[in-house]
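Chains: A, B, C and D, in written order; residue numbering restarts at 1 for each.
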Amino acid sequence: MPREKMQIMVCGGTNCSGTHGDSVIDNLKLEIEANALENDIRVLRTGCFGLCNLGPIVKIMPGETIYTKVTPDDAKEIVSEHIMKGRKVERLLYRDPSSKKPETTESELSSHKKQLRIVLRNCGIIDPENIEDAIAHDGYQALSKVLTEMQPLDVIKVIKDSGQRGRGGAGFPTGLKWEIAYKNMADQKYVVCNADEGDPGAFMDRSVLEGDPHSVLEAMAICGYSIGASEGLIYVRAEYPLAVHRLKIAIGQAREYGLLGKNILGTEFNFDISLRYGAGAFVCGEETALIHSMEGLRGEPTIKPPFPAESGYLGKPTNVNNVETFAGIPAIILKGAKWYSSIGTEKSKGTKVFALAGKINNVGLIEVPMGITLREIIYEIGGGIRHGKKFKAVQTGGPSGGCLTEKHLDIPIDFDNLIAAGSMMGSGGMIVMDEDNCMVSVAKYFLGFTVEESCGKCAPCRIGNKRLHELLGQISEGKAKPEDLERLRNMSQVIKDTALCGLGQTSPNPVLSTLDNFMDEYVAHVHDQKCPAGECKSLMRYIINKDNCIGCTACARACPVNAISGERKEVHFIDQSICIKCGTCKEKCKFDAIFIE
Amino acid sequence: MKMIKSPEELKKLKAEATERLYGKEKIRVRVHMGTSGLASGAKEIYDFIRLELEKRNIDADVIGTGDLGYSFAEPTIEVKRPGGNPVVFGNVDKLKADEIIEKYIKSGEYVDGILPVNYRSIN
Amino acid sequence: METVKLIIDNKEVEVPKGTTIQKAAKLLGIDIPTLCYMDLHDLNIENKPGGCRICVAEVKGRRNLAPTCSTRCEEGMVVSTHTVRVLNARRTVMEFILSDHPKDCLVCPKSGNCELQSMAHRLGIREIPGQEYAAMSTYRKDFSPSIIRDLDKCIMCRRCETMCNTVQTVGALSAVNRGFMAAVAPAFEQNLEFSTCTYCGQCVAVCPTGALTEINHVPSVLRALVDPTKTVVVQTAPAVRAALGEEFGYEPGTLVTGKMVAALRALGFKYVFDTDFAADLTIIEEGTELLDRLTRHLKGDKTARLPILTSCCPGWVNFFEEYFPDLKDVPSTSKSPQQMFGAIAKTYFADILGINRKDMVVVSIMPCLAKKYECQRPEFSVDNNPDVDFSISTRELAAFIKQANIDLKTLKDEEFDAPLGESSGAGVIFGTTGGVIEAAVRTAYEVHTGKKLERVDFTELRGLEGVRSATIDFNGLPINIGIAHGLGNARKLLDDVRSGKSQFHAIEVMACPGGCIGGGGQPLHHGNSEIIKERAAALYREDRQKPLRKSHDNPFIKKLYEEFLGKPNGEKAHHLLHTHYFDKKKKIMIKQ
Amino acid sequence: MSSIKIELRKEDVDFIKGVCDSFKNDPQELINVLHTCQEHFGYLPAEVQEVISDNLNVPVAKVYGVVTFYSFFTMTPKGQHPISICLGTACYVRGAEKVLEEFKKELGLQVGQVTTDGKFSLSSLRCVGACGLAPVVMVGEKTYGRVAPDDVRNILKEYE
């Protein structure tokens, strides 16, 4: 193998808006050319190192030297010192504030990385269709430990002490839930894994099931052992065919290896898992609805109490946790409650997986310790807002959550802080919005979702949300009256107060939180008939700029509804009463004469 | 049937599996093939790499895994050369895959599109 | 019993653990409104979907409002049922419900008797904001032979679904669709006619709005009454007299037999007869059939199937034709009293009058909606002329009387006409669960043993329990009797018959909970099962007051056999008074 | 009274019976049975529901109630090339609605409809989980990422 060429990697590039990576690259290349080294040294642009607070990062291979906070002006010194003379540029190395010791390699710096993978530890690493790969990565070791070294109550104590809270949305302490199910005596109990991830824009459960199904199976067995259940069911969306496929394989292999079934690992413990399929109903994420659905019924929620832990699937005590909750359990068992509870905030322990999406550069799945700020997530992990636009809001908790704004960027994210800020953790969807997103439209979008997904059982959700959606429609069309804003708030409050299940009770959150944070936008729609973000079609007006229009007639010919009139070589005019705001004229105009008001 | 009948047997299997899968230093390629990866064409890349490595007589393990989470850069693949750290490449199409094989796999020369590990893991 | 103490609207109350807030409040005289909740306590029927959210109240320390119909009382709970927050929420939710409800109250068949309308009044709703752009969930109207479905008026209280599934196990109705378009409907939102519906009408009986109502036959009756070429004869079922008064402000359980007869005469019916007469006739036929099968069975005749099942309830007949067609030779072949009456009226009585059956119109007043379908069955007509032309419900009769400016309260009692108006007490108790079999026992006992009954009241056959059984000693021969009311209960007994486990000799089945007194055509009980109990008591009262208590003692029945029918179960009786049943289970055909 | 006769081919009836048998005719398995039948028939026509109802001993009204509750089940056949536009949040904020509008315009269809020649059907769905590729369109099994309204015509051309 030929000797490795020297290579310089610079983070950022097209995706990163937070640093001046581009100029660093340019300057490095100039320096290299100036020294006629372009045949020996390559400069590469890479993705994010996850060290944005130290960025831009320059990494030099071989040797893995990492320079932090590199400015374009530093290029010269890096080339002349490190490349040409093999001497590290000391001042660009990161120094730990306490020890003052320079840290030179990526692995030394890794503690500065914002993400910590516990739940996603095996995702993208193991072959999910090969149980031995899972076993090679500590798979089923926690189950083995539990079955041979621990009593059910010991396991429950570990989970309780770890402080883990359910990742499904509401954040109920997992250990406490197990304890209740443990205490309810019955001849049969059930462990249910809620894999009906319905929150639009959230895909963490799917990734776990596709990337590391054995963690979930193992955790369910641990739960079964703890609460005294011998049967487990996974309620998984039928829209996740790959997850279903890999789950089937995983269950089959686990049975083949005796890790599910009778006398697991030679003990008295029996546990098996079967699959139940969801069929496209968001409300089935709610425990009672999910249980009805598993029983072959319409997935309508029922009033709690009785809770599933008392009377769940087939009327038996049932413990329901979601995928992400389960996936974290084996790590907690193996590494201990103390380790887990050292991560996160006082009341929210451990890590949380978020699905970053929307107007952000690095769309994807991230796993971060509780207590991280939105600013860190958006700018240091997410690579900032796309196209350098201005950040406006983040919707967390999907249709049940609310939006967080500029002023929330620095609060530590945990269950309670999000609720205090008018949103919620939900399943972990994080949709980033920029200045072009109209918040009235966003609220309307989520209400549209709730209206479509409402089961129809209770009046506030069935009819109330429809009315909310309609009123938001009126607002976005500029047809609402000033007093309607008060009505919007009252309806929202009443729905929150009276709806039957979690879906209904949280459905007005997007409205309430946008009312709280973006009242000015609502007012603009209602009082001025204007959409500040320019998203609400019916409030848009395409207007011809007299100074630029040369009367080429291109727009008039393209207009599908003949709303544009004007003689050749004369200024044209758009009849607003006919215009359907399709935007064709603006596209066709070569003279920038058409603008939107 | 590979029934594991005791915790000891599980430990033993773990050791065996680790040896079997990771014991030998060779080129290992992971193609991230979750739904998101597949939707961006990961399966084609997987097939391409397998075929091409065989054609070019390169002894390597090619493994399909779940997604790594880098949705913005999919499809992504990870290449580990003997003795080296795993390197993840993003936005891999056939052209890029060919370049990765020719440059990185064959001679350790980096190519554009590297996605550094941006997280810590308990693994 | 473990109890808990709590405070509701500043008043302390102690209730058994598990009691709901709503029930605890009732003990304090606090009536928390609700639209969906229904508790027919004595019949063991409860509908508690927690869907209307009208009954909400504030519970100290709770984040949101609590639905009191389903929230259990807890020790130390502090509940407020009329704070500003609660009242605002209740009104707003009511506005939501009304915003998706047609505003045609003035012409709605339920007007004045509608729980939604009363609730709007009670909550003081004066406007429904946002109506200009509020979409309505609209559906196709469905007219079946008995029931009209107008789902635009459905408020998803799910009472009908509970009745149709949990109580009746008919399964014709289910919640369908979801969200705003959710409603309760038959499969594929087809017409009820094509479903497994038995027309028992229990859905109509509990519907709080005008979503489910009966087909109105009053206009047709009116047309017949004014037609000079027609002789219009009316028959009134036993349960009607015990409930009609409720529509005119009488206490539940008031018997208005005489006033009803007077009103019918005032309406222009030429002959006012009593279905009870036909009930007596039914007993003779059914009782004879029972004894015949019993004797043959005792002699070892394998073709004599036991138990015999009563067949006077049309909802029940529809039910077993749909679900137990394999057992269709088990029920008695005797027609129902309504149809026996029609058959006799249009033959025997038409002969007496010397008129053609085509010139006679037989109208029945029934507590029942299935009777509307029954009288339209083709086997109950001769040359397309039905034995019974129209069947109207107790409710329709009340409306008819009101429309005709008749003040029922001031009417003097009048007597039924002869010969088809005379009846025994046995015919009267047909209207309540257990009544038919008690009537049959009174006759069968005397016929079988040749002895006179010392005790006419078989109290062991009475009551409201869903499934009852008793053994009656027929002079050394123990006769096992089963009784079921409500089709779900009937199904249990039928399953036993099917599997051969049944030990009964005779089983009485009434489709409606409580029997005919709780029929789908009766004045609405609005969820108060006391009313049904009172009606039953009234029928037993009338029975006791009758000079004749046994069907075979009815002199006009005797005369009918002597002059016209010949022997019970004889050839003529068989031709006129018996029927046969059909397999109505849906068939899956194989395409060739 | 339910006196309508329904007609199915024998092999279809046998298939459904087989499916129900494989789930031990357990009414609790209704949703699994429906999934399997929809996979086989492509949709769940009334006849199929009747046979399922008969075998599982669940009132057909309840079967229909379940079918209409879950958006995954459909009673109308899909087109030869079913087109689904993801309207999940990520796709929505990146303009999926405009893409949907374009498909509607190009095909002259509303969501839930099939073209008269049976070639295309149009549906929207919530999040296929390819948020990195938003907005996402699926035609059959094939996924198209980062679709702009301008791409719509070209996508359709592939299937002509």
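The rule is simple: a residue touches a chain if its C-beta (ideal position, glycine included) is under 8 Å from a C-beta of that chain, and two chains touch if they have at least 3 such contacts.
None of these values were measured; they are calculated from a predicted model.
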Chain closest to the assembly centre - both centres taken as Cα means: D
Highest-count interface - the chain pair sharing the most C-beta contacts: A-B
For subunit B paired with subunit D, centre-to-centre distance based on mean C-alpha positions, whole Å: 35
Computed distance of Cα centres, subunit D from subunit C, in Å: 42
Gap in Å, rounded to a whole number, between the CA centres of subunit C and subunit A: 56
Subunit B and subunit C, separation of their C-alpha mean positions in angstrom: 72
Shared-contact residues (touching 2 or more other chains) in subunit C: 175, 177-178
Residues of subunit A whose C-beta touches two or more other chains: 203, 206, 240, 281, 298, 300, 357, 363-364, 452, 455
In subunit B, residues with contacts to at least two other chains: 35-36, 38, 70-73
Interchain contacts, given as pairs of chains that touch: A-B, A-C, A-D, B-D, C-D
Subunit C residues within the subunit D interface of the complex: 165, 170-178, 185-189, 193-197, 318, 321-322, 584-591
Complex contacts: residues of subunit D adjacent to subunit B: 128-133, 136, 143, 145
Subunit A partner contacts - residues on subunit D that touch it in the complex: 26-32, 34-35, 58, 62, 65-66, 69-73, 87-90, 92-94, 125-129, 131-132, 134
Contact set on subunit A toward subunit C in their complex: 281, 298, 300, 302-303, 305, 451-460, 462-464, 466-467, 470-471, 473-474, 479, 487, 490-491, 494, 496-500, 505
For the subunit B and subunit A complex, residues of the former touching the latter: 1-7, 9-11, 13-14, 17-18, 20-22, 30, 32, 34-36, 38, 63-73, 76, 78, 90, 107-123
